[in-house]
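Chain naming follows the written order as A, B and C, and within any one chain the residues start at number 1.
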Amino acid sequence: MAVNDLFEKDFTELERDGILFTTLGKLVAWGRSKSIYPVTFGLACCALEMMQSTNSRNDMARMGSEVFRASPRQADVMIVAGRLSKKMAPIMRRVYEQMPEPKWVISMGACASSGGMFNNYAIVQNVDSVVPVDVFVPGCPPRPEALVYAVLQLQKKVMGETFDAEGVELPMVEGWTRS
Amino acid sequence: MSDLPHGAQVLHEERSGDFSTKLMRINVGPVHPATHGVLRLVVDLDGETVMGVAPRIGYLHTGFEKTMENRTWQQVVTYTNRMDYAHALGHDLAYVLAAEKLLDARVPERAQRIRVLLTELNRIASHLLGLGTGLLDMGALTPFFYTMRERDKILDILEMVSGVRMNYGYFRVGGLSRDLPEGFEEKVQAFIDEFPARLEEYLAMFADNPIWVNRVRGAGVVTRDTALEVGLTGPSARASGVNYDVRKAAPYSGYEDYDFEVPMAEEGDAEQRFAVRAREMEQSLRIVQQALVRLEPGPIKDPDRRISLPERHELETSMEAVIFHFKLVTEGFHPPMGEVYVPTESARGELGYYLVSDGGSMPYRVKVRTPSLVNVQAIEPASIGGTFADMVVNIATMDPVMGDVDK
Amino acid sequence: MSAAERLLHDAVTMLEADLGGKQGERHGDVHVTLDKETVREAVRRLRAAGFELLADVMAIDWSAYPGHEGERFTVVYNLASIDPVTRIFLRVNVEEDEEVPSITPQWKAAGFMEREVYDLFGIPFAGHPDLRKLVTPDDLEGHPLRKDFPLGETPTLFNDGRFLDPATFRAGMLGSDTGRTGWVGGARKGVRSEQGREAAERELTEGSDA
């Protein structure tokens, strides 16, 4: 097909020829959603299930999230895996702030999401009070399958396919602006 | 000073012409790929040589001991396994043994056999994890996938028994929460048949590998005296020639009936610490095999009504059973006043629960002698004088679990 | 008499004769109570006698123990001999803010253990080379394992501003404070009386007396 065709033909004709049209924002969001790299932030028991989710049985690489980056500057999502102590909270906030925009947080497990069974002086009762959480995963610890499902949910959120409590569609993440 | 990493500090500088050497203090962790969780180390470096290591811990301090003082004796079992999540059943076993000694409970034969069987399976899983992540810390990614595959098989068995993949809480004071499911024996037997070949495969992958041998042989030597000076126990101490395994020294749960050896080494370097763990897996498998053969049908709980919940079917016919059930679920049992300490062997070393009872339904004081807390102290003598890269090997081979360190 | 029994017997005799120890027995374990001044010497001698492993240093706060008289804290040293296998416990009773001589200078293993006791109980160890907090954050005031330190539970929140106070709930459940549920901030579901609502509002404005 000649390049000229792109300008001369009607877009319905082009689509019939196998050329798809989208906006740049959608394209970037699609690409982004399929390569969400997590930062290694294993805290406690859930960290083992997080490791287990990358192994041959569960293989989170299928979802594009296989590369656990040790540096937060190369990561897109922080999986808070385990109980967060009050001593660790400022450090977690700092790691979160080192991640480049856009960034997401998955709160993995009961302890991270609600304090779980550790309702005491030492544990932060909800990591949402330290960093904004996008997806909560229940379980103590959640199975690797649950974490893979959480990543899939996050992908939907990135692509703008999620709704808030009132049923209003949430916008996708802006692809071309930088803060 | 602009070439220094953030937070680093120059302690001492020597100049000779254009050339200068600096003694630097840098911070490693608590978010670092090689610190097994949230261990933080303050390291003094002279070039690449480690001059001093100071572990800073507490980044996973969960307040276990305080929380346990506010739970009933039976509820504490839910907490113990979250402390050392890699060898969870070891903690469960240590706690229930201490509480049973306080109560003077009589645990049936079958329950003891099952406890030993599952604890040893869990020990294999823990060592596999230590081996896999240890090699991962050294940059070898592939063995991690192999060891995690075998670990998954053990977790499948334990899931079948207890209903969860981790944090089992399957043991109860006085016995077990329920009997083994159908098909358990076949599944364990399949694992026993398969595992030795797999283990050989892993060992062949790195034990004879010249890259591996050059990396770990002679690295991070801990002598026997140093090991005792810092209180090191477990496989790491046995690699240094400390012949101390609580399963042999002070047998509990019928360990004296099983035929197994305690792997020992004298060198005390990182290679031997790995090797001792690998050989310990073989011995654990022997214990699993023997326990499986000796499993016989029978009761799994102490028949004492004041400790164990009555059977489900009794609740339909017996008013007395309902009363005991209600009392046990709401208040739990009341052990007599006293203090007790029971040492056990976890995958990391001597693990003991020191319980103080005031006769109430909640423990007055629970003190856990966690092996990892003490073993972390051994990183310092092992690493001083070696390179920074060797320090990473030392952390990996001491195999601390941070939940076990910080409590 | 086996080698282990002889070792233990000799150790206890030595502690009683030379250092004024008092022998006790708790569930089959030998405990020897010492004065705090002699603990260093006792540990040194026991180590020389063959107790090679310092398993633990811990503390107990007796302030809420029923019928307890005497000093508030007990520091327990747990020493083990590897060959032959035996174990001895040393106990030192101290009051609040009373210093215990540190054994870290002569036995490195005590370093973290004594720091942990200092952190969680506030018992200072004199002569410890690096006595700082170990596990709790630097800005946490107080010593969590003391009996007067609250557990620090957050109430469980429900809709309509109601919440459950966990400590009261537990006290009601265990029978130590019968008749209370810990349910604060509104009538329980299903109760729709005027009095119930009034009581709930009163409780909300004046705070719970739980």
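In this text, contacts are C-beta pairs under 8 Å (C-beta built on N, C-alpha and C of every residue); 3 or more make two chains touch, one makes a residue touch a chain.
Computed from a prediction, not measured in an experiment: that's the story for all the values here.
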Selected interface, A-C versus B-C, where C-beta contact pairs are more numerous: B-C
Most distant chain from chain A, judged by the mean position of its C-alpha atoms: C
Averaged-CA centre spacing for the pair chain B and chain A, given as whole angstrom: 32
Approximate Å spacing (C-alpha centroids) for the pair chain B, chain C: 23
Centroid distance [mean C-alpha coordinates] between chain C and chain A, Å: 42
Chain B, residues touching no fewer than two other chains: 58, 61, 63, 66-67, 406
Multi-partner residues of chain C (each touching 2 or more other chains): 135-137, 144, 149, 151-152
Chain A residues counted as touching two or more neighbouring chains: 85, 87, 119-122
Interfacial residue positions of chain B with respect to chain C in the complex: 57-58, 61, 63, 65-67, 70, 72, 101-102, 228-231, 233, 242-244, 249-250, 330-332, 338-341, 343, 350, 352, 354, 356, 358-359, 361-362, 364-365, 367, 369, 373-374, 376-377, 406-407
Chain B to chain A touching residues, read off their complex: 30-33, 37-38, 58-63, 66-67, 78-79, 82, 85-86, 129, 133, 144-145, 148-149, 151-152, 155, 164-167, 402-403, 406
Residues of chain A defined as touching chain C within the complex: 85-87, 115, 119-122, 125
Of chain C, residues touching chain B in the complex: 26-27, 29, 52-56, 58, 60-61, 64-66, 76, 78, 80, 82-83, 85, 87, 89, 107-109, 111-113, 116, 120, 133-137, 144-145, 149, 151-152, 167, 170, 173-175
Chain A residues touching chain B - in the complex, by the definition given at the top: 40-45, 47-49, 51-52, 55-57, 70, 72, 82-83, 85, 87-88, 91, 95, 117-123, 140-141, 143
